[in-house]
Structure formats: C-alpha cells, structure tokens
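Down below are the structures I want you to see.
You will see two complexes here that share chain A, one where it goes with chain B and one where it goes with chain C.
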Partner chain A sequence: MILPIGPIHPSLKEPLRLKLKTRGEKVLTAEIDYGYVHRGIERIMKGKTWQKGIYLSERVCGICSYIHTQTFAETFERIAGERAPLRAQFLRVLTNELDRIQSHLLANSTYFKALEHETLFMYMLYLREPVMDAIELLTGNRVNMGWNVVGGVRMDVNQSHLDSIMKILLKLESEYDRYVEMFEHGPLVGLRSHDVGKLSRDDAIKARAVGPIGRASGLKHDLRENHHTYRDNLDLKVIWRKEGDNFARTMNRFDEITQSINLIKEVIANLPEGDIRKKIDIPAGYGDWRNEAPRGEVSYFIETNGNLIKDVSIRTPSIMNIDACAKYMLNDVATVADAIATYASVDPCIACTERVIIVDESGKSQEFDYPNYPKKNK
Partner chain B sequence: MSSVIWYLYEFARKSWVEKFAAARTEHEIMETPSRWRNFPEVRKEYCIACGACTAACPAPMAIKLVRSTDTSEEGGITYPVINTRGCIRCGFCAEVCPTDPKTLLCGENHLIREKFTILPVDKMYVMDEYLCIRCKKCLKSCKVGAVSEVDGKMVIDQSKCIACGDCIKNCPVKGAIKGVFVSNVEEQKEIINLVVNTLENRIDEEQDKIKDLEPEEIFKFDYPIDELVEQAREIIPKDELIRDTIEKITDRLKMRIITWDDEKCKRCRLCVDQCPVGAITYDEEKGIKREPEKCLKCSICYQTCPFGVAGFYVARFLLSETSLDEGVIHVTLKPSQLPMGS
Partner chain C sequence: MLDALKDVIRKSSIHVCLINTGGCNGCDIEVVALLSPRYDLEQYGIYVHNNPREADVILVAGAVTEQWREKLQRIYSKVPEPKIVVAIGNCPLSGDVFNQEGSSVYAPVSDFIPVDAEVSGCPPRPSEILAAILAVGPDAIAARGRQKV
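Showing the complex of A and B:
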C-alpha cells in the first residue's frame, strides 16, 4: 500500500509530501512531491538593485540564511573583479561558521526527534541557543541578519564582542563532547542508526549528493577548500566518512561542528586590522559564485546591467540531497520509523528547495516566464 | 496547620502585594543584547524629506514619508513613519540617511559619524560647483585645512570649518562661496518681511509718477535705508547679519507692481470675471472698483483690459556698497513686456 506522509505532518518541519510504498511494515520505494512553498523569489528579485536583492536572498532559506547573502555579495564582487577587505572576509568566515554550528545542531536535533530520543533533541537545542545569542551579538539579529553588503560587512566588532563569543564557544565545547559520546556509544541510538539508510559512493555521485550527505558517503568534496579566504589564510581539512548511513551523516555533522569551532578560534586569533567595507562600482555583466552552505553547495548566477539585477538563478543544496534520499536511501528500509529517521538525517530544507527551472529534452534550460503570474490589480 | 499559616503569610508580605499590584515581567528577563537591532527610531526634526530611506527600503510598505498639517504657529514638517508590520529591521534606511545628525537610527551602524565633533558656528560656508573656477585661492588661504580638493572639485569639510571667512575674502568670483547664517533663522525671516513691506509701501507712494511712464521708459529712484536698519536692529542687533540678509533679499527680489487708472475705464466689465480672487467688483453707482489688499498681482487684468486701465510693472533692487547707515537701495521700475488687451 502507499502510505502518504505530509504535506502537513508532525514529523516534518516543512510542507512536503512523502509517498512510501509499503508491504507490511517494510518500505519498498518512496516518492517525493514538492511545490507547497514556492515563492518565486527570483522573479521578485529581477529588476531590483542589489541593495534590495541582498535582503531578499536572505529569505531564500529559513535556517542557513547567512550563506545566501554572502554568496550573493561575492557574486557581485566577482562581476566587479574585486574582493572585500581582508577583515571583512574574516568576519564573514566567523559568521558563516557560527551559522554552520547552529544549523548542524538543529539538523541533528531533528534527527534525534525522528528517532524519538527526546533527551538528546532537547540537549541539542539547549546547545544551539547560546550560539544564536553569539550570532545576535555579532550581527544584531538572530536569523535574518542583514550583515553582508557588496564589498564587505556592515558592522565592525571590537575585542569585547570577540571575547564574549569566545566564552560562548568554550562553554559549548566543554559540554558538547558529552552529548556526542551519548550518541556515539549509546547502544539504543547506535542500533537505530547503524546500517540504516545506506547511500553508497556510486549512488551519491549519481544523485549528485552534496554537503555532509555526500561527504558521509565518501565524496571528499568541500567547497570551502577552494574559497579564497579559507585557502589562503585558514587551516581546513575536509571531514569525510565512508559508511554512508544515518550514523555517518550525523557524526559527520558533529565533527564539522568541532572543526567550525577550531576555525572560529583561528579567525579570532588572526583577525586583521583594517576596513570592513569598501565601495565597489559594479559594471554590467554576468557572474556566478558557489559556496559551501551547511547543507552543501549553493550557487548564484546573476546577470546585471550595472545597477539592476537583470536575471538571477539560485541553486540550493537540498534539492540534490532530498532526491538522493528518495531514490537511493529509502529502498528496502526495514520499518516506516526508519524511513522517517532516514528522511530527517538528510537535513531537508524545503523552503530553499522550491526553485523552478525548466529543462527541455536536450538538457538545455530555458527561461521560465511565469505565464499565470498574478498581475497587480489596478 | 503551621504550613497553612506560612502559606497565608506569603500573601501578606509587603513585597508580594507590591508585585501583585504592578505585575510585569522583571527587567533582567527583558534585557536586550547590546547590538540588538530594533525597529528604526525616527527623529522628526532632522528630516530633510529627501526620500532616500523610502527608495532604499527593501521591504514593501515598511516606510513612508508623511507631512504634518500646518498650524498657526508653524508650518508642517515632513518625516518618515515606520510600519512595524512591514519593517524587517535591516537598518538600511539608517545607513543611507544623509542628514547629520541622522533622522533614522537603527542598531549599531558604523556609518553613523559619531567621531566628528562639529564646532558650534553660526555661519556655514557652501561652495557653488558651477561658479567655482578652481583657482585654489581658498585652499591656500584656509588656516584650518577645511578646504580640500576632491575629484577636481573644491569641497569644504563642515566638521573642520571655523567660519572665519578667509576663503570668501580671497575668492575672486562673486557667489562662488556663500556664507549662510544657520542660526537666527526666525530673525532673518522677520527682516526679510520688513524690507519687502517697506519697499512695497515706498513704491505705492510713487503711483502717480509710474502711471505716466512710456512703454520703454525706465523709472529710477534711491531709497535710503537708515530707518530700515534701525528697525532691523531692534529685531536683532547684529550688523553683519542685517547687511547680509538685506543684500541677499535685494539681489533676488523682483517685485510686481499693478497700477490702476480709473479715468480710462469704459465699464466693459471684462476684468471682473477674469480676476481669480474677486479683487475687482462692479457696482452700478460706483462703477468698477479694485481692492489692492486682495490682489495677487497675477497681471491677468492687465492682459485682459483693452483700454489700459491696469498697468503692470516690474521693480528690481540693488543695495549700494557703502556702510549700513549711509546705504541706499537703488530701485528700478520697468513696464512689463507682456501683451495687453488680448
């Protein structure tokens, strides 16, 4: 029988329809329907200046909102052929890693919720709250920060802010190991996570899985390696695992949090003096840029006439990961409960998945013209 | 039993009653982080109504410029209003606000220029880009280094300027640097009103001479300003300010004069309907009558009348370059070139 889950369901964070084909308790295949929260952000962004577009790009994703503004700003910097001042680049890394920590903690907490392990779920959220406070201290707001501009960042930090962020991180680090150990060596949680929702390396390449999902399946791919700030100034090693099951994905995220904490410490120790913003004159042109979001690779393709955004296209990581989940992970799962846990372990973010691109049979993408787009009433 | 008594005693304490009477969340719980960005704070009095905030705002319907109504005491002012339902607290409006100090404040913004200290001066010097010939005499003469060259243009840094006036003395072009009195604005308005009213009355006394002017004849007379200056000194005893104000107003003022010659009138009543404010009335016994108090000096009656009853003249003024007490205003009256009787 076909068991529909969603679009509105307690186990889902965001609206999405999950159709599980089951025989008894066993799940044979799964199918996923999107289209419940499509907002047409690209269409709204067209014909606006970057000053307005950057705040709109922040609202593409509800959790990893920061990386969208950074990618947007860096796309424009690439069109102009310039880079932000070094201090601004370091501050961007600092915010990006804080955002990654809170996103991974939230992702793991939802996974534990799906496992019905509510204690760890609450512990994860308890760890996340001080990180949100650190973000608020740094940028002025918790989620939609309004912190990036083309050419730098908007607010400077002083030593007292860095000290209090450091204090929060040290406290996080001291408490964090205990909870990781609870998951890593806990017999019950481990039993439910090991060898569930396997994604082999070949399947991951076929499904174009990115981020922690791809890395847990043995794809040694992290875009931060290629980013100029990380490459030139910071010490970064790609964390990866080869098991490809729920346990590996969750542990990969835990390890990346440790790595992010070390990166932030490095940034705070080496933060250079100087300007945090510079004026960039944008020429007409086309540019693209990609960055490592908490969930994987986010890319922006922007065409501008020097002032207004003529065309914009956004590619977010979750679309690949959710498809990998539906096609390869949810094959022959032992129980429905495991299927839900596997779905949660992919860290799906529906709001940023819902983009529209039309591809014809030859694989060529074409302009989508929004034929039934509601016109303004006059 | 004793526990019940202790329980009741809890409600009898003074602090409990006080808390119960003024129940609200404790202050420590509500304390916001130091860099938290709230909705923008609007300081109406600094707004110059440039519209930069509304143009920059990324959220629809979040910010609007409104104008308060005029009252008898003061004219209405324009200021931005934040709609807290639409505002996304990005703080971009505060960043683009060009006034100094800022009209809009939002969070901690590095572009708010707090480090500059602006000296309290009553005169502000402004460079006119179009008249400036870039001779750089002002740059050399400035003692405090407030004048600088930016992109080939001479710019005065208002935060450094001490309003000594050396640049304006050395400037070879009249009007390239302007000194504006930024304080005593109300007194300046009063002086301007006084000058305009006095000149109007003075020209009214000359009505008879003006009426007989030939079409291309020019009528000139001098008006000594010593009485005017004494009245102005009662308003504000500051000779420099008075001279500056009178000089500016006489440079700019262009007064319209309407004369009325009843002898030429043939009672055709064309002008009665044309007058937009009803200053011209017709009565069967008294004939056509004009009330000068209501007149807008729009010159429509002059353009309508086929017989030349109404005359239309333009007066211009020039202040002599002598001291205030001996100064005179040269008044020049010229008949208008507008077509008449059409």
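Showing the complex of A and C:
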C-alpha cells in the first residue's frame, strides 16, 4: 500500500510529499516529491548587483539564513582576491556559531516532537529563545539578519553586548547538560532512537551525505576545518560518530552545540580591534566558495562582470541529506512512526532544496531554462 | 443561551493550520518559536496541528508558487466553517523579494483566497503573529459560527 504524507500534514513542518510504500505497519521504500516552494531565486539573482543579490541569498532558507549571506560575500571577496578585516571575520564566526546553536536546537526539538516526546521538545525551545535574543542583540533581527556585506560586516559590536551574549551562553551551558543527559541515558527515548534509520559509511558516501548526517555515519568532514578564519585563529576538532542511527545524529548535534559555545567563548576572548569593513573593488570573473552550514556544505558559484551577477548557482546541503534519507534510511523500517522520526532526524530544510536541474543520460547537467514557462496570469 | 455557550467555547479553542506556500520558512520557525515556553501559545487556547480538516485559523506564510495555485484553494475549501485566514510575513502580502521579473511566484495570496488579517515583516516577531491571531481569531470565529447556525 502507498501511504502519502504531505504536503500539509501534522508531522511535517514544511511542504513536501513523502510516499511510503508499506506492508502492514512496515515501511518498505520511500519516495520524495519536491517542488512546493520553488521560487526561482537563482533566476531572479541574475543581472542584479551584489547589494540586491545578498538579500535574495539570505532568503534561500530561513533557518540557516546567516551562512548563505556569508558564503555569498566570501565568494565575491574571493573573486576580488581579498579578505575581510580580521575583526569582521571574527564577528562572522560569532554570528555563524550562534546561528548554528539555534538551528541545531530547533532540529533536535523537531526530532523530539516526531518521537512525541513533548517534554524535551519544550525544553529545547526553552533553551533556544535566549540564543535568539543573543542573535537579535548582535544583529538587530531574529531570523533574517542582513549582517554581511561584501568586505566585512554591517555594524560593530560593543563590549556590553558581548558581555550579555556571554551571560546568555554561560546560562545555556549550565542548564544544557541536564537535557542532553535526559536524552542520552533516558531508556525510552534511547529505545526509540538506537539502531533506527541506519546509514552506513558506504551509503553515506554514495548519497553524498554532508553535515551532521554524514558525520554521524563516520564521514570526518567539516568544512570549518579548512576555512581560513577557523584554521588560523581558532581551535576546532571535527566531531563525528560511527553508529549512523537517529541517536548518533541527534547526539552529534548536541556535541556540536557544546563545541560552538566554546568557539564563541574563544572568539569573544580574542576579538581583535580594527575595522569591520573595507572597500573591495570587484573585477569581472568567476568564483566559488564553500562553507559549513548547520546542515552541511553550502556552495556558491558566481560569475560576475564586475558590477552585475552574470550567473549564479547555489548548492545546499539538504538535498543530499533528504535523498540519503529516502534511499537508504527508509528501507525496511519497522513502523511508520519510526519512518517519520528518521525523516525528522535528518533535519530536512525544504526551502533550501528547491532547484531545478535537468540531468540527461550522459551525466551532463544543465540548468532548466524555462522554455515555455507560464506567464503570470495578470 | 446555547449560542452564548458556543461562543465561549469557540473563543477558547482555536485550532491553527500553518501552510507554507513558498517562502523561506523564516515565518514557519517563528510559529514554532510561538510554541516555546516563553510565548506559550496554548495558554490562549490556540493549538497548532497543521491539519486543515480540523482548523479554525489558516496561517499562510509564503508567496504562492506554481504548485500551490490550485492546492491552496483546495485546502481552503477543506477547512470547515467558520474559518479565518491570517497572512503572515511580507511574502503573502506582496511577494517580498521574490516578486520580481523572472520569478515563479504569484503573490499576493488574496488573489486566491480571502484574507482576514495581514501581518507584515520579514519575518514578523512571534508576539506580532500571536497578537494578530488573537485580534481577529476568537470574535470572528464566534460571529461566523452564529451566522451559519
């Protein structure tokens, strides 16, 4: 029997259609339909200046909106062959890690909601709100921050704000362990999570799984290791696990939150003085840049004529992770409830994934160029 | 007497269905933030369950994309009377940054279904969304419920 879930369904936060092939309560295979939030961002971005493009890049995804602007700005900095001032780089790390904390807390809360563990769901949201306050204090907005510009960041931060952020983080750190322990050693939550939704290392490589999903399956891959700010100034060890089940993915996110808290402490302690922005003259050219978003690797490929964006392509992590989930994790799942929990543990972000690419049989891919795309009905 | 009793009950139990018709999901996570203990949506009798067949209030977030043009109307017709629609964020009002030449969005939402309340912002703060639901929700549901009876 085919069990369709979505696009609007109590268990889904975003529109997507899951088709589960079931026999009784057992899920045999799964198929996923996209296309509900395709807005054509890459197409709109063409022929615009970066000042307009950066707003669009921020709205590719609402949960990891920060990292898109950073990658967009750093792509242009790479085309120009320059880097932002060191203080701006540190402030970018600070915001990025705050964003990572709130995104991971949200992802884990969604997983607990899918397990119907309302208590931990509420606790995760309770921990998340102060982090949103810290982001608002730093950048002036909760979700779409508009914090990055090409060549630096938009505004400076003063010491009293840093102190408040530090206070929020210390409070988070003191309360946080209790909830992690509830999940790690709780017998019921553990039973529902161990050995469910397994993704082996080989399958993770085949499916190009990235981020916490790949790392929980034994792929030791974190782009922050290679990013110049982290590599030269900060102490970062890649967190990874071997099990590859729902438990490992959730715990990997919890461990990364601890790591992010430590990174922010390091940034606040070593924040250098200086400019936060410098003027960069952009030449004509092509550049690409990759960064570690909360969900994995986000890449931007931009071609510019010095003023306008000629061509842009965005690759986001969720598309690989959702495909890994559909193809490898949702095979022979014991119950439908486990299938939903596995799907939630992948931390799917649908708004990111909507791109149109046609891959023909020879393996050559090309962007869909809207041959007979319907005109607006106005 | 019976109407008055129904009014009281309708006002204190509002079921909400959230539909993302093609936004950046920034508004979606602000609705999730409403569930948190700080805002505590359920103390007002509001319950978010994303099931259109039980909903009283539809929250629409997002400019309308190609796929949603017909589905949005179909979902709207599935929601039982009395029903109200709250558009949250700039996308359902104007299409926000997506409503430019070459895009595939069909904003505003009011072209497709009637909208009762509009909250602007990209995204609006959780407290604003809550205020909008409470401002139009209880009274309109009660009043429209009486019309049908």
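Heads up, the rule we're going with is that the second predicted complex is superposed on the first by the 370 of 378 C-alpha atoms of A that agree within 3 Å, B and C clash if a C-alpha of one lies under 4 Å from a C-alpha of the other, contacts with A are read in each partner's own complex, and residues count from 1 in each chain.
In this section, contacts are C-beta pairs under 8 Å (C-beta built on N, C-alpha and C of every residue); 3 or more make two chains touch, one makes a residue touch a chain.
What you see is a predicted model; the values in this text were computed from it and never measured.
Asks: After the match on chain A, would you call chain B and chain C a fit or a clash?
Replies: fit
Asks: Which partner does A:140 contact after superposing on A: first (chain B), second (chain C), both, neither?
Replies: A:140 sits against chain B, while chain C stays out of touch.
Asks: Taking the superposition on A as described, I'd like to know which of chain B and chain C A:9 touches: first, second, both or neither.
Replies: Only chain C; A:9 stays clear of chain B.
Asks: Which holds for A:61: it touches chain B only (first), chain C only (second), both, or neither?
Replies: Touch partner of A:61: chain C, not chain B.
Asks: Let me test your reading of the model: by the given contact rule, A:308 touches which partner, first (chain B), second (chain C), both or neither?
Replies: neither
Asks: Quick check for you: in the superposed arrangement, does A:276 touch first (chain B), second (chain C), both or neither?
Replies: Only chain B; A:276 stays clear of chain C.
Asks: Which partner chains sit in contact with A:205 here, chain B, chain C, both or neither? Use first/second/both/neither.
Replies: neither
Asks: After the superposition on A, what does A:161 contact: first (chain B), second (chain C), both or neither?
Replies: So A:161 only meets chain B here.
Asks: Which of the two, chain B or chain C, is in touch with more residues of chain A?
Replies: Of chain B and chain C, more residues of chain A lie in contact with C.
Asks: Which angle, in steps of 10°, is spanned at chain A by chain B and chain C when each chain is reduced to its C-alpha centre?
Replies: Apex at chain A; the opening toward chain B and chain C is 70 degrees.
Asks: A:337 contacts which: chain B (first), chain C (second), both, neither?
Replies: In the superposition, A:337 contacts neither chain B nor chain C.
Asks: For the overlay built on chain A, what is the smallest gap between any CA atom of chain B and any CA atom of chain C, in Å?
Replies: The answer for the closest chain B-chain C C-alpha pair is 5 Å.
Asks: Does any part of chain A touch chain B in one structure and chain C in the other, and if so which residues?
Replies: 55-56, 144
Asks: Write out the stretch or stretches of chain B touching chain A in their complex.
Replies: 33-37, 56, 58-59, 88-92, 95, 107-110
Asks: In their shared complex, at which residues does chain C touch chain A?
Replies: Within the complex, chain C contacts chain A at residues 17, 19-30, 32-33, 35-38, 49-52, 62-63, 65-68, 71, 75, 96-98, 100-106, 122-123, 125.
Asks: Touching chain B in the complex: which residues of chain A?
Replies: 48, 51-52, 54-56, 133, 136-141, 144, 146, 154-156, 161, 276-277
Asks: Going by the contact rule set out above, which residues of chain A touch chain C in the complex?
Replies: 7-10, 12-15, 35-41, 43-44, 46, 55-56, 58-63, 65, 106, 109-110, 122, 125-126, 128-129, 132, 142-144, 349-351, 373-374, 376-377
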